[in-house]
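Take a look at the structure set out below.
Chain naming follows the written order as A, B, C and D, and within any one chain the residues start at number 1.
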């Protein structure tokens, strides 16, 4: 789960990481007031979950409250990579002496938290990793001891020449590690971590991604999500999750309902391979009760691009005839005018096909397919017909 | 550092360990009021830091507020092993079904926290350890993982037959471990840990000893000490500690001032061996500044039993002449009528002896000794003379 | 031969009295797996489908000689179950449970690193050595005994591909769903090592997906150490970056972990990559 | 020979720029100890008595080849210094600092258990191999080279006893103050093992005190494994139970750890116990 910069900074502050004073504004007027309160030059920063807001014009400096209001009015309602800016962070501007990078990730390779620090801060760290990997110093933390003081120190002495700054920074790196662990983060980043012209250190930006699996024990963080994504695609994804579905919207027109994440991806890939465009990723998980099928269809059909639906279900432990009944029951309750191709394989698959054939629901075309490839081809053909009409 | 039962129960409650409702009373009237508030039979328990208060009559059951007042009036001001009872804990009485023991210590042998549980609770666990050690189940915790759920469970299933009680208890054992670690305890004990006739579990008694070295990071616990020992011998020991001295009062009449804990004990032992009685343990530590010597003498002489003082100092890194000067300076400021035997060995010891001989302070007899044994013999002789006068 | 499990495997089911635990215990017993014990703290003494239930894994191991644990415990307690199995002389832990926080797994794996125990999963369907033993929730009926090892980050996609392998006329030595989480126990290269030594196995099918570097590591390992052929399939060519595709581990982040990179890594070292699931069996037939 | 330190020992002083660190560095240098480096984070580049100061132990080890660390860091940071030394290829850590919480030491010792490093202390005066090397704060002038090993939980009492040993005409191979805390690195039996193998050492003086079971363990170990004679002295016969006698470790708790028990344990296995410090030298002379 991604959270906004201002939310990440709230977490930072809780653990004693210094962040410049700032507040969130929802209107240009609010931005003006906050700038007045600060009484010094401010930075107005779009609060969006996508990256690259700086290049997109989502960050502006304002020397006066007037400028702040103007900047906020430009940034608010801006569309940054598909995300509409609904709030800005107005924060005290810092005179920067140097910019560095401090970050922590859960590293899949070493199966440990890995600290990364670099003197090349303020720019995309992935770019640094690609272009000049030697500029990034990494350290895999033993999870049974946590990050130790001297380890933090050894890292910071590699990127700072001034011993005072190095010592200060290692204390902050320890706090960042604490924030990372206690928040169950998968990533925590200060980029840039800056030294001001007056010798202070600040987390100028803040990024924290939270491990979704841990949210059951972080009500405060879970609550951050609720407040941030009304009406967006992400809101739909969250709703799906609450219904035990895993949904991601894509740009195509063929809706997919699949059990299993790997199979769902493979289904999207196959549609694309045969010349179609998948409208979504949708994993309905292990059991396919009528309720789940109904929920899945409900979410899927909110996307008005969808012209046909492809059910690709591998029975496995679940009996295919049960799934077929679930599909019939679900679509009986809904009024669906789009054609649906159904592929059911595994235990009792012929029985399932019979159920689908014998229980056609008026108004909804249910087309059986005997394999994934056949199903994909059929649904693409159907969409082409619809589009050509 | 020892803390009272009611203080240990405050810590327990903070970590979710169930303790019966209760409050502290300083007068019989207060005890009565608390009993009225509870409205059920109560137990009145002397709050003292010494063990064995039960056998000494420091715990009484009271069925009515009248009885509670009467019991409290009997217990308050009682002398239990030299400690005067200044407060009682008035707590709801529990109908006991079974009594067990849950405890954790820092084990010197394994260098780990060791959990101990026993079905033989409610009695002195050291007695159980001596008589029937097989009744105590021990487990050394790996400090890098802490106590794990299944480890707590395995222990509790050994002492409880009822699986529900075993499961409940293992959750409490985990909380006890958390309280132990987070409080920097050297010992944490629930004895007895009881199952009530209604199937609830309770920490009926609570004992926590805190590692003195950790108090710098536990202001809340340090504060408990202040409130508990005004006017007692322990208050003097605490005052000494605050002055970087280590002082323990004993029953004899020869005051000892020594640098180093081992040497201080050996000095006490030697006095006893030669027929004298040491009045105290006193370690003045590494450096022997005049201030330290003055503080040491001040504390020492509060004990009116002291008839003579023995300085036993091994110079080591510290130069003996410096120490000698410190002694002269210190006693010059104080008016001391007791004889003082001084033994100074190590670097510059003859210089030191000269200083002592040449700078006698009027009214204070300074008698040099060339060895520890000689010093001990001399001071014993002096005391015998004084006592026989 | 087969790897990790065979007819001598003795399984203890942790969380056996739960809905999933009881259901799949039955399925494992039907398949012929020796499920010798179950564990649910507080329910010791009960039986599930004739399998005795114990309060602790230690007790179950002592009483029945179980050497493999299959964990069906709800996510909040699943990591505790891993610790318990790891602390009770179990040789192989198969953790079906999903939803364990990654940092909990980081610690648990560190804990296990001192012990002689292997961990499969979490968030995995388990594994099967056809006609010998199955541990987990895979549908036994689609697998046939043979010479192909299968390792996969997926569940149903594995069944899909296994079906195509079998329909080509090939059989399977051991098929393992290694788990869809970012932090898992054994990884592709660990299984490649085992298959390389296994006499029954002649070739390996590797089913990967977006996210992480495990497929890239496997490609490197293959180049240096493997004599047996690999056929790979990678799901998620059309997955957008930054979005978690169901599995916690299936996410393209920072521009790495794409299907394209993984396919290129395989092809670079001479591993054939199937363009769609149906091709896997055919490609493998051509190589062994 | 001697044990643990000799003329080849190269010392790095952690906290070398502090008051105690600087003072004792000077004393060690005067004694002839090779203090090759110091560490104080943020003060790298400075010099203390000609000894170069580094920001990290790792750097100090790389630049100077130091193999032994002597820690003079204030108590709040002393355990961090132990971790750092343990993580930097140091072979022997001598922690002079006192006041480290016991549970911090519990964790640190667990951390060190994976590494090839020995820990003396904390809360100890250090050790000396007379006329070769001293690491710590012991007064060098009272020790003479010879054949007696000394191990002690005390500081000044050790000097007292060493003086008596020397005045009897005996010398000392290595004398170690093992530390007065309840949780320490090497314990009596670890040193007995080393002295037993050391050719220079003909007998061992063990200075114990109340608290814990280390003396009892040493007695058992002596009975089973030691050929060289031991003379013991135990301080605290008159100490009351339940009271901490200065050292955090010197406390009789639960009726165990008394001097009487320890003396009995020694005498039971044939170890001579001196009644007072002066006797130690005489008793040892009679045994070797």
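Definition applied: contacts are C-beta pairs under 8 Å (C-beta built on N, C-alpha and C of every residue); 3 or more make two chains touch, one makes a residue touch a chain.
Here the structure is a predicted model, which is why all the values come from computation and not from measurement.
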- Note on the structure: Overlap of the chain B and chain C neighbour lists contains A
- Specify the chain most distant from chain D by Cα centroid. A
- Query: Quick check: more C-beta contact pairs in B-D or A-D?
  - Reply: B-D
- For the pair chain A and chain D, the C-alpha centroid-to-centroid distance in angstrom is 56
- Query: Taking each chain's centre as its mean C-alpha position, how far apart are chain B and chain D in Å?
  - Reply: 27
- Note on the structure: Rounded to the nearest Å, the gap between Cα centres of chain C and chain D is 52
- Where chain B touches two or more other chains at once, by residue number: 144-145
- Query: Going by the touch rule set out above, which residues of chain D reach two or more other chains?
  - Reply: 107, 111
- Touch graph of the chains shown: is it line, ring, star, complete or other? other
- Query: What pairs of chains are touching here?
  - Reply: A-B, A-C, A-D, B-C, B-D
- Per the touch rule above, chain C residues touching chain A in the complex are 24, 27, 75-76, 99-107, 109-111, 137-139, 141-142, 152-160, 163, 180-183, 207, 209-210, 212-214, 217, 233, 235-240, 242-250, 254-256, 259, 275-278
- Provide the residue numbers of chain B that touch chain D in the complex, in ascending order. 50-51, 106, 108-109, 111-113, 126, 129, 142-144, 181, 184, 186, 211-214, 216-217, 246, 248, 250, 258-266, 268-273, 278, 281, 283, 314-317, 345-347, 371-373
- Residue positions on chain D within touch of chain A in the complex are 41-44, 55-58, 77, 80-81, 83-84, 87, 107, 111
- Message: Please output the residues of chain A touching chain B within their complex, sorted ascending.
- Response: 144-145
- Item | chain B residues within the chain C interface of the complex | 145, 148-151, 153-154, 157, 163-164, 166-167
